[in-house]
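Structures incoming, each one as structure tokens.
In the two assemblies presented below, subunit A is common to both, partnered first by subunit B and then by subunit C.
== the complex of A and B ==
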């Protein structure tokens, strides 16, 4: 099997058996209980929090159940304005559904939302963003790395520009595809909120993080016992948190090596695939090394996906969550014509992929594109 | 170690090593992806859903991240009325914080909430409830089993009475302490929504369920890719779901044996503890076999908790999530005077506890109560 859909999810960290053995022996207590084994669990959870925060030098963080919940929490409760009932929001037209659909809901509630379009360059332009800011703009949300194209937004500069235009406007960045892939220093930026998801970096599904500043307004979205700093209720997913911490630690211990390796994989993969007939690269110059978004004109993405699958090579046509209701919102946003959008595939790496696998992918893709073209009725 | 705080959380199922081996080999794919290994994961997830639904004969169910999220989803979006902006809600004064705090938030939003008080009998009376129903009552929420006293509410009768009084009123029951402990047939009741949490029945933390009827209105609370039947977004916590399914299956295979065992444990424990000086039983006659709520007058609950802890016996003074901000809301609701409330402990069993452990608990408790009384300055 050659797994190249790491932007959808990643294989969980190896050697979890000791972690689970420890967990089922002494790590499963309720961290809110008052006896000492429970206090140890709470302490271990706080130590996990420190490790995970350190990745982006974040002031504070709460654990959530996923990147989607983190984004919803900010969009619905990560701002608090007074004086009137409806406010203005800005986001981009190519956000992940967890951000896009949440803003659509704010519109339903009567708020005003501006969707900034990245256009052909592939990322959000500072001027395009700043000119939309109004005195009543409560929150701006611009993703760090686009989940389909891999485009990197310079959220440090964008957040500074936003605050300069309106110091009362808050800035959120969905960091699910950026966390551990693209360096970011939260304290050195003006970003108020940033989200991450464990299963995108070899953790388990069901564990997310929401990073924030102490002085950025935030109210709980899930009400109850107040477990996570009174900002997220529900018993913490401790096992997921410990695996998250392990995944982050493993990565950090080989950070540079992983970066170098991913960069090599991408370079080789792009240069080989671009030699194939009809190749059209969508990922812009400034994009994360773990994502390649490419189309082969005349070969529908789904057809290519299944042709590759016959060779046990797994890729995607776009984000997994929208795989069953395909739209071209993201590719429309970056000016890709529909005859190309329908041919798009996304190849996404983890550090476990090898150069040999890339060779195999490129070879099979070339044959598949050729074979399909031969039988095509076009 | 004698663990008697199973209402806070339970030790996860044994023999998970094969489950995790399978998961990390072939179960970790994103269930929304289009290739066949991902479709297998989706299929396994659907089979888990069927097993878990079967426990209460539920029409349908979505996976959530916890009981708290399930409750919030219903209270904020499990009803939909038109014609005016503010509606009326009814709940009980002794609900878990995930329900109580959510209703407090509905009050903040301008809705009208009535809190029905169980009083000394310990459970919600049908007449007391029905007389509060108004034409604009959108939702009634009455928990199945109280998390501190163990009291069982007859939600089948209550839901029928509510629908008789107002067919448009929806009925939710927080089933976190009832699920697998107290028999319930959802299709045979008029309950619209019911919630459960995996870690209370030997699953992992971070996995919850929300059961519902197809014709009961429900809107998503966490917006995004629409993974769970368009009612809950975010990549599903597949490993948590598989462990949830295993925990349920293990229980179902020994259902009667477990019931009998828990009933024996409780009977023995209550009769022995009630012989101790100053004992005051709070759990009413009709209460779940896995919870005993009792006080020893003159010995503060926290003191007794730590005295027992010195003997490696772990109990609680109340629900874990409110352990660090102790209030007497629940005991006030059932008419317990404050000099007793502050002495309350909760002992909660799982099928792994033994009669010998109960002997040990009772012996140590008796000595602790005696010792404390001797040195007490009262």
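== the complex of A and C ==
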């Protein structure tokens, strides 16, 4: 099997069975209990928090259940309310559905939302964003790395520009595809909130993170025993948190090696695939090394996916989160014509992929495109 | 007092000497549904009673029964002995439940009595008046309105006394299978499940046939079709779906025939294969979801071509429907959400740029001559299998 859909989810860290043995032996206590084994669990959880925070030099962080929860929490609870007053929000037109749909809901509630379009260059332009800021703009949400195209937004500059235009406007960045893939220093930026998801970086599903500043408004949203800074009550998912920490630590210990490897994989993959007939690269110049978005004109994405599947190579057509709804929202946003959009595939790497696997992928893709383009729309 | 379900049947009333056959079929369907919830079925003068369903399964049983074709209406009802005291007590209790359900105290009502036991001590009119009096005494803030009542309280005197307030419309139509069996061309889109539902409602037993373009289409697309079969099975019971390997035929057409005829030629093969499988499985007609003019293969000319290659009658219950009307029914029968899942299917993988919209039969037959039609069909059938949805 050649797994190249790491932007959808990743294989869990290698030593997970040893981690689980430790957990079931001595790590299962409720971290809020008063006896000493529970205290050890709490300490381990807090040290996990520190390790995970250190990735982006974040002031503070709570554990959540997933990237979607983190994003929804900011969009519905991460700005200053004034009674029933309606506010203005800005986001981009190519956000992940967990952000985009949340803003659609704010619109239904009577708020005003502006969607900034990245256009052909693939990134959100600072000027385009700043000119939309108003005195009543409560929150801006611009993703760090686009989950389909891999485009990197310069959220450090964007957040500074937003604060310059309106110091009261808060800034959120969906970091699910950026976390650990693209360097970012939260304290050195003016980003107020940032989200991450463990299963995208070899952790487990059911574990996410929401990073924030101490002075950024965030309201309690799950009421109960007061866990997670009194924002999100509920007994913590300690095993998920320990695996999250392990995944991050493993990555950090080989950080440079991994970056080099991913960039090598991408370079090789792009240059080989672009030699194939009808290839159209969608990922822009400045994009994360773990995502390639490409189309082969005349070969529908899903058809190519199944042809690769025949050879046990697994890729994706768009984001797995929207495979149940067919829309071209993201590709429309970056100016890709529909006859190309329907042919798009996404290849996404992890450090476990090898150059040989890339060779195999390119070889099989070339054959598949050649075989099928004979039968596609002429 | 016992909580029962009262079922009335519809169009079967119109049947003459065949009536027992239709009644038997309907009874069989009702028994199959009721037994899943532990209920027993009895019959009496053109209606059915389901008894013995535990309270926890009661609403699920009502929903399941309401999906059976041939039923005119259903009432959740209570049964008691035929003495006046029991009847008055039950009528008050049933009325009270209705008020609770409506969450109101002040309503207008009317008592409607029926007496099939002519030996009963009161006639219908007298009984209505007496029960009405009992209700007014027990619920001081309600009043009688015989023209536009908000609550109808029905009291029936038969072998027992039966009291109820609601008449829920059933699915209508004819008992399933009483019109024989037909083969439904089930694509995975919005229209074909609706077409199947409509014919099943007229008493046609369904078998289905689906064409896939494996490996270009996925297991998910296949699962989607099975899921649609399961949703239809809620109305008609398990459905056999023949899964036909269509890829090689599509490629042969693409290789040898004019591109613009691809869609019509594909339809021709689909009809021919469907007819063959239908005859092998004792189906007496084909059913398609075609709606006139909806797409290139559904123009009058295209239908003429695809119709001419088969002998069996082809039922197209949606032929005069607009897309929105079809969607309304798909939503009502709960197949819409599944139908719109966006997987590639055999009709989206191979699409000509400019399909011919007014094909001529002679030209299509000429193209067919370029292919070894029988061998292609044999080969496709040898690579096909079937599943039973909703078992």
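By definition in this document, the second predicted complex is superposed on the first by the 373 of 378 C-alpha atoms of A that agree within 3 Å, B and C clash if a C-alpha of one lies under 4 Å from a C-alpha of the other, contacts with A are read in each partner's own complex, and residues count from 1 in each chain.
Here, a contact is a pair of C-beta atoms (placed from the backbone, for glycine too) under 8 Å apart; a residue touches a chain by one contact, two chains touch by 3 or more.
Computed from a predicted structure; not experimentally measured.
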item	value
Partner, of subunit C and subunit B, that touches more residues belonging to subunit A	B
Which of subunit B and subunit C A:254 touches, first, second, both or neither	neither
Partner chain in contact with A:277 - subunit B first, subunit C second, else both or neither	neither
Partner chain in contact with A:131 - subunit B first, subunit C second, else both or neither	neither
Partner chain(s) touched by A:8 [first = subunit B, second = subunit C, both, neither]	first
Partner chain(s) touched by A:80 [first = subunit B, second = subunit C, both, neither]	neither
Which superposed partner A:300 touches (first subunit B, second subunit C, both, neither)	second
Which superposed partner A:371 touches (first subunit B, second subunit C, both, neither)	neither
Touching partner for A:310 - first (subunit B), second (subunit C), both, neither	second
Interface residues of subunit A shared between complexes with subunit B and subunit C	302, 305-306, 309, 323-325
Residues on subunit A engaged by subunit C in the complex (per definition of touch)	300, 302-303, 305-307, 309-310, 323-326, 372, 374-375, 377-378
Interface residues, subunit C side, partner subunit A - complex	214-218, 250-251, 254, 259, 341-344, 348-353
Complex contacts: residues of subunit B adjacent to subunit A	1, 5, 8-12, 14, 16-17, 20, 23-24, 28-30, 32-38, 64-69, 71-72, 96-98, 101-102, 104-105, 197, 199, 204-208, 222-227, 233-240, 302, 305-306, 309, 314, 316-317, 319-325
